[in-house]
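After this come two complexes, each holding chain A, first together with chain B and then together with chain C.
Right after this comes the complex of A and B.
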């Protein structure tokens, strides 16, 4: 019973924090542009509005896919320790987290592909290519962490950094951290790695046919995705957190770095992006791995 | 009591001859085929645990002072592969009854039955004579299966046959050299004698192992023999392709586990890292196989070729798992072998159903079939989810074991290759989903019906199997651990729900992932249900920047983005792929051979050549005589 209550609490917390992050991100983007910007809770209002409007669907696959996307991300989130707390008794395995996250991407891709719009398909093909681009360097960084700690559990990696601020992995493996940050930028689909969305080019790609409840579910998926990705970085490099509040603040910092970079860079073409990801972050990650292995 | 072992190989053989007589009655023939595979599955099921079951016959000849014996014996490893192979065959057989109707009948049931006979023989053979005979029988009959009396398939099959011939000749050479060493044809004795050889003559032992390895690599399409599946799988009968991919690609794996693995494990080989040099070569070959298979699959536009390369990539994972020489890795590899059987039968059967209804193999000519064939779509969807290794379906636990084993053995760059391959898998798996099942439904496929009932039943069973194994990995892990105990490893009995690895805090409860997934689904569903209703619109009612698709005179087929799905990616890799195309090397090599042989043939066919030969012959005689 406690577990069920925990699962609901953790999911709602992740969704809420993720939506507020997105709102803050919009505010910061506006300030970078010298605009005033919407209030920080704008994303929550957006989701409520979208959920209450009538929408169009093409077939059952679209409904199935959108639900699958949110399912995958919430499932992933439940495996991530938040400041040492986990939703239920698990070993918080990194490989499980990576693969569960994939079901979210697959569901999203399926839903938008079912809409039958070529723009959506182009977006998906780019997104999957990009995924191959960032997943390999990101995993290489994690591999370093796994070998260093002799465990593939996020919890163990997190606890190994307890104590002083100098135990954080960001000091132990700074090169790996930079590689992970670059891969994270692509993972969140922020510029310069947003070829899959590219509003001016392919009309927001995957999102082109989504409206109403589907776009709302997409928003929620994105929010949980941001929460998961930043939480991973915080757990890996910033020593988790002593309390939930410090954990969320660290997450926000990681997210804001991504948002600021998003606002000052132009967009790479997809093959340029993948090449960049395989040369720079991958190179740094491999250097880090070799340094650790020696 | 009639000898179970003998019955098991005789019944397919007798039925094969029986079906030849009534070949025209395709319903009867394929039902007999189903009955035989059902009988085999049942018999094998009852044979679990009866490891003293043997059958042998003395031939009355003597070589190396030992009697020649043909013998079969029940053993955990052979049983493991044979049982799951025959269950898969049974499901495919059920599909085949519906598939081979008046229009599609490939008339291959008798050959297929001989293949099943050889299958049992290979998995239970106790001596090299039996093994070789059955191996040869399998190569030949599968050649005829792939060709199935048609011209284009025959060309693909010829390619397969020539590689098979190379394989069988190296196998024969290997068997003879090892038999001379151990003075007997017994498989276990030859393993022991090779282990001893490693202590005395390292290079020779490596050479002998290499001879066997070439055969096994060819059969399982490990690099550098990765290219035959794309030709052979694509052209073979659509209901036979699942068998090729699920069962026949495992012969090489079985050979490696049976013969090469115990030697690498027990012989006195200098260590390299946490494993040894030959094992590293195996790992690197596995890594190259899976990466190449993945990239080539992404390029492919023909769906059967695409999944042929996907099979190659999966064999790569299994080889990587075996190369770790650790319990976790071998568990993962054996588990993945069975998972691959289940997954690929789901995928290839659903594609066969699509081909049965549409007659089309090129992906970009299809589209939107999910709305006409929802069950086939669901089977394919669950198939790709497990093939991508996503929990809570079955592909996950085995991939997890292999990755964990590679990481705990510190094989860092092999793990990166594995991650590359399994992330790349999303790309090609999704491509078929998007091009065949999603997107716009062309007008000519508007009236397509769902696959017939006899196809739907096996597909549904496979779907349930994927879910069951995914939630309770113990279904496969228990036999896997029985195999490992039989091979002399120190393992506990496997648990139903949990898999372990060598790292700290890494007992993974797979059933819990299923529950968590369900919890996530429940929460997502609440959001979905509590939002406003949606209206259904037609498929071409799309956002197209303010213009109607009909304005440009576009049709549903042309309104699909599917032909150059990964064009940028392809352009990135093309220059590199051209460099390492083994196919091209083979072609160039073939040309050189052709030139030389043409030149040589002139010596015999033309009169000038004959005179030249005469001169050369005389010259040799004179010089030879002078020297002597």
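Right after this comes the complex of A and C.
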């Protein structure tokens, strides 16, 4: 009973924080453009509006895929410690996280290709190609962390950095951090790696056929995705947090760096993006691995 | 002409819930702009730092499935009219239409043209028309704010008018497309040929 209650609480928290992050991100983007920008709770309004609209479904697979995308990411979130609190205790949660994180993207891919729209199919094929690009360097950095800490538990990595700022992994493995940050940019689909969304080119890619509730679920998936990805970076490199508040503030910093980069870069073509990801972040990750081994 | 009574009956139900949901609807309007006429140039100042419509939660969207507002600028020729109707019918409810420029009201300076419609409101239901040739960006922003007030008050329900009086709109659309068959003779022949072939099969 307690576990069920915990799961609901954790997922609501992640959704809420993710949506507020997206709103703050839009506000910051607006300030970069010298605009006033929407209020920080704009994303919450958007989702409530979308949930109240007429929704057009194409078939059962589309319904299933959208729900699978959201639950896949929420499932990932449950294995990530938030300032020492965790929904499911596990000794090997990095491996589980690696597996579950892909389910979100695969569910989305399933749902939108079921709609049969060619733009959606182009978007999905780009998103999956991009996944190939960022997962390799990101997991190489994770491997470095596992070797360094002799453990594949996020909690252990987290606790090893406790004490002072100088214990944080960002100082122990700075090159790996830069690699992970580049991969994170691609993972969140921000520019220069947003070829899968590209509103002016393929009409917002995977989202092209989604209306009403489905788009709302898509927004929630994006929000939880932002939460999961920033939480991973904070746990791995910024020493987690002593309280939930500091943890969320660190997440926000990581997210805002991504948003600012998003606003000052143009877009890579998909093959350029994968080439970049496999040369630079991958190279840095391998260098970090070699340095750790020495 | 329109069956107003039944519309009002529907509106008297669920008053409180509608008010709450209307607040969220008016604060988050996503716009699909269909700009084949003049006047697309007036949109960038509204979206960017000069007037910044995003502070009211209004933003451009890429496809009809995601959009709440269909903004049609300027004259629409018969050919684009087909696309406009198709786009409008693809949008999920609730949806609103803004018609921008004098051409959408009475044809403007193209009122006697052979391939341009005169009154957009005869073919799809229009919530707000913005008069002027061409209207300033401030007028667009003003119309959006007016639309927000109308949504909160529950007055913007032209999309229901379309459903209830579909026969009227459908007749107008059919008349438009019937009158304007293909112009070239060869194309007309092919048209007839395909018609008869389709009939046999």
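Note that the second predicted complex is superposed on the first by the 293 of 294 C-alpha atoms of A that agree within 3 Å, B and C clash if a C-alpha of one lies under 4 Å from a C-alpha of the other, contacts with A are read in each partner's own complex, and residues count from 1 in each chain.
As a convention for this text, contacts are C-beta pairs under 8 Å (C-beta built on N, C-alpha and C of every residue); 3 or more make two chains touch, one makes a residue touch a chain.
Computed from a prediction, not measured in an experiment: that's the story for all the values here.
**Student:** Of the partners chain B and chain C, which touch A:207 in the superposed model: first, second, both, neither?
**Tutor:** Touch partner of A:207: chain C, not chain B.
**Student:** Looking at A:288 after the superposition, I want to know if it touches chain B, chain C, both of them or none. Which is it: first, second, both, neither?
**Tutor:** In the superposed model, A:288 contacts neither chain B nor chain C.
**Student:** Given the touch rule stated above, what does A:158 touch, chain B (first), chain C (second), both, or neither?
**Tutor:** Neither partner.
**Student:** So, A:26: does it touch chain B (first), chain C (second), both, or neither?
**Tutor:** Touch partner of A:26: chain C, not chain B.
**Student:** First (chain B), second (chain C), both or neither: which does A:42 touch?
**Tutor:** Second partner only, chain C.
**Student:** After superposition on the shared chain, which partner residues are touched by A:54: those of chain B (first), chain C (second), both, or neither?
**Tutor:** Both partners, chain B and chain C.
**Student:** Looking at A:11 after the superposition, I want to know if it touches chain B, chain C, both of them or none. Which is it: first, second, both, neither?
**Tutor:** first
**Student:** Residues on chain A in contact with chain B in one complex and with chain C in the other?
**Tutor:** Overlap of chain B and chain C footprints on chain A: residues 52-56, 203, 208-209, 212.
**Student:** Under the stated contact criterion, what part of chain C meets chain A in this complex?
**Tutor:** 21, 24-25, 27-28, 48-49, 52, 54-57, 61-63, 65-66, 92-94
**Student:** Which residues, counting only chain B, touch chain A once they are in their complex?
**Tutor:** Residue positions touching the partner: 368, 370-371, 374, 377, 381, 385, 388-391, 396, 399-400, 403-404, 407, 410, 412, 415-416, 419-420, 423-424, 426-427, 430-431, 433-434, 438-440, 501, 503-509, 512-513, 516-517, 519-521, 523-525, 527-528, 530-545, 559-562, 565-566, 568-569, 571-572.
**Student:** Could you list, by residue number, the parts of chain A that touch chain C in their complex?
**Tutor:** On the chain A side, the touching residues are 26, 30, 33-39, 42, 45-46, 48-49, 52-56, 199-200, 203-204, 207-212, 215.
**Student:** Provide the residue numbers of chain A that touch chain B in the complex, in ascending order.
**Tutor:** 4, 7-8, 11, 50-61, 63, 66-75, 78-79, 88, 90-91, 93, 95-96, 99-100, 102-103, 105-106, 109-110, 113-119, 121-122, 124-126, 128-129, 131-132, 135-136, 139-140, 143, 146-147, 150-153, 155-156, 203, 208-209, 212-214, 216-217, 220, 269-271, 274-275, 289, 293
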